[in-house]
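Order of writing sets the chain letters: A, B, C, D, E and F. Residues in each chain are counted from 1.
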Amino acid sequence: MHDKVKEFNDYRQKMNDKILEADNKVIKRIYNLDTNTFKEGHLPVKTKELLGLVASAVLRCDDCVQYHLEAAMKNGVTKEEMMETMSIATLVGGTIVIPHLRRAVEYWEMLENK
Amino acid sequence: MHDKVKEFNDYRQKMNDKILEADNKVIKRIYNLDTNTFKEGHLPVKTKELLGLVASAVLRCDDCVQYHLEAAMKNGVTKEEMMETMSIATLVGGTIVIPHLRRAVEYWEMLENK
Amino acid sequence: MHDKVKEFNDYRQKMNDKILEADNKVIKRIYNLDTNTFKEGHLPVKTKELLGLVASAVLRCDDCVQYHLEAAMKNGVTKEEMMETMSIATLVGGTIVIPHLRRAVEYWEMLENK
Amino acid sequence: MHDKVKEFNDYRQKMNDKILEADNKVIKRIYNLDTNTFKEGHLPVKTKELLGLVASAVLRCDDCVQYHLEAAMKNGVTKEEMMETMSIATLVGGTIVIPHLRRAVEYWEMLENK
Amino acid sequence: MHDKVKEFNDYRQKMNDKILEADNKVIKRIYNLDTNTFKEGHLPVKTKELLGLVASAVLRCDDCVQYHLEAAMKNGVTKEEMMETMSIATLVGGTIVIPHLRRAVEYWEMLENK
Amino acid sequence: MHDKVKEFNDYRQKMNDKILEADNKVIKRIYNLDTNTFKEGHLPVKTKELLGLVASAVLRCDDCVQYHLEAAMKNGVTKEEMMETMSIATLVGGTIVIPHLRRAVEYWEMLENK
């Protein structure tokens, strides 16, 4: 079976490696910061992942949505909570978010089937 | 022949069904509202579809553009009127709209060929 | 009485004059194009102004919204038609459009009171 | 003392009343939906307000940020949690979010001083 | 070997031809303006291409990024300068630019391999 | 005389101080990164400031535009170069950039008069 989740993660990993090899200090520090931002803090990881998800959805970044969907699922987010998060994105960001909602629901299903 | 219009509509329908099955009240109401907004009102349906098209184009949502192109054609919009609408989108939204204009013109042609 | 409509138009005129004096060819041609785009074509001026309004509203540009509100009113757009246009903007662009809707309705009222 | 929080809320209330009086069905339903979306569901109100805040911040809507800051504070969000939410917004949305962060911190302080 | 650069350029050329054939005066003039804007002026072509690249990147337009990457390379931009430009885009535009950075680095590599 | 440049810088400084006092590690590191990104590298400071300016302009962030205008002027950017940079922003980002162009030209004039 064609595994879109693996394909997505492999591509991301391969290109991230190339980007980090290019050794641009600013980009390396942004990557580093990205990892730290979503760690446990005053807010739990689960909430932070939902915050990352809704931000990605209203900014309509499919790759970012997929990344946060995967992290959200790993941290115990239920489908209902994910849909509620996406409903806020769709209300605040408008119906232009709907095509991204379709792809998010499709990706969530792929993650469930793994 | 590969039918991209049918493929697009089938995917949208399939995913919309899954989204509505998830039974999130907010999302269901937004879907419902979407249908009602573009019905005849003080403005005719044709004008509303052009408004939906230009809004989708400046927000650079290809799926939304395709949806409104199809509805516009069904409501008697000519190619000249569509291009004039897209020219407003390109002026107001800038040259970053041009890639979406290319795909819009391609999709319009597919619709004409059906 | 403090005349916000006049103030807005005066500032715009004053700065546009300074911009055109700077004699940048690209900017001058964009200004020129802007005037031509909204002239009668395959679509009537009134429809074009509504297209300009909805594009400005979803891109959340208050100055652009005010400009098109004024031109729309001059071309016979009714309050109901304006509100219907703004309702499409709010649905497509999301609730982040609402603060701009508030300022649009306020500006429309100022225009009515002139 | 000049009360910016009250001024903001009064203006919003006054204009919302005028908008609802205009009796556009789509806009009225979006307003209604907005109220329902942020009610207790699978996610607690507090989390939903943080989701509304981060979405508003990355979309750079000061009025929306202020609205959610006020609701967040009422629902027990601490300054640290607010700042953590805004840090996600600034990382995901970039340094263009910083001017909005400045105004958010200023508004939060006003709310604390009430 | 599958030549993605050629494929991208062919598609762009084919659709641009169709768009110009449609003979919409506004669109034709925007196309014309686009060519003139990036010509040598007070700023050298190389700097202008970097300006076009960073604008395209923060607006997250992959096609525009690819177009400017190609023109930048032709005008002597080094990989380090390209990465530095993209690092500014990622800082200012946020981590949502990262997926576009991945595709930019991939496309740059394709251009190098030609 | 009312000094808008000083007022802008004082407000920014005051709020930045408050933000840094709040001691959120992610935000502090983004601030730090911001300073480093625009330092001399493979590209000269002047070019980087123009990149920051065009990115800010297409993302329509007035405060960011003002910040980069000031840094650009300090690094020897001429009015013609600034206008050329803004013309690229207006072409790529569309006529919705024009209100920001007006405020940029106004701010540049204030800087010249200091």
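The rule we apply is simple: contacts are C-beta pairs under 8 Å (C-beta built on N, C-alpha and C of every residue); 3 or more make two chains touch, one makes a residue touch a chain.
Computed from a predicted model, the values in this text were never measured in an experiment.
K.L.:
Which option, A-C, A-F or A-B, should count as the same interface as B-D once over half of the contact pairs match?
P.N.:
A-F
K.L.:
For the two copies chain A and chain F, what rotation in degrees overlays their C-alpha atoms? Round to the nearest 5.
P.N.:
A turn of 180 degrees brings the C-alpha atoms of chain A onto chain F.
K.L.:
Per the definition at the top, count C-beta pairs in contact and tell me whether A-D or B-E has more.
P.N.:
Pair with more contacting C-beta pairs, A-D versus B-E: A-D.
K.L.:
Averaging each chain's C-alpha atoms to get its centre, pick out the one most distant from chain B.
P.N.:
Result for max centroid distance from chain B is chain F.
K.L.:
Distance from the CA centroid of chain E to that of chain F, rounded to the nearest Å?
P.N.:
23
K.L.:
Just give me the whole-number Å value for how far the CA centre of chain C lies from that of chain F.
P.N.:
Those two chain centres are 26 Å apart.
K.L.:
Roughly how far is chain B from chain F, centre to centre by C-alpha average, rounded to an integer in Å?
P.N.:
The separation of the two C-alpha centroids amounts to 37 Å.
K.L.:
For chain D, what residues touch not just one other chain but two or more?
P.N.:
Only 26, 30, 33-34, 37, 56, 58-59, 64, 80, 84, 87-88, 90-96 qualify.
K.L.:
Chains as vertices, touching pairs as edges: which of line, ring, star, complete or other describes this one?
P.N.:
complete
K.L.:
Once bound in the complex, which stretches of chain E touch chain F?
P.N.:
33-34, 37-38, 41-43, 47-48, 50-52, 54-56, 58-59, 64, 78, 80-81, 84-85, 87-89, 91-93
K.L.:
In the complex, go through chain C and note every residue touching chain E.
P.N.:
Chain C residues touching chain E: 25-26, 29-30, 33, 36-37.
K.L.:
Which positions of chain B touch chain A when the two form their complex?
P.N.:
So the residues of chain B touching chain A come out as 11-12, 15-16, 18-19, 22, 24, 26-27, 30, 34, 56, 59, 61-64.
K.L.:
Under the touch definition given earlier, write down the residues of chain A that touch chain B in their complex.
P.N.:
60, 79-80, 83-84, 86-88, 90-91, 94-96, 98-99, 101-103, 105-106, 109
K.L.:
Looking at the complex, which residues from chain E come into contact with chain D?
P.N.:
Residues of chain E touching chain D: 58, 90-97.
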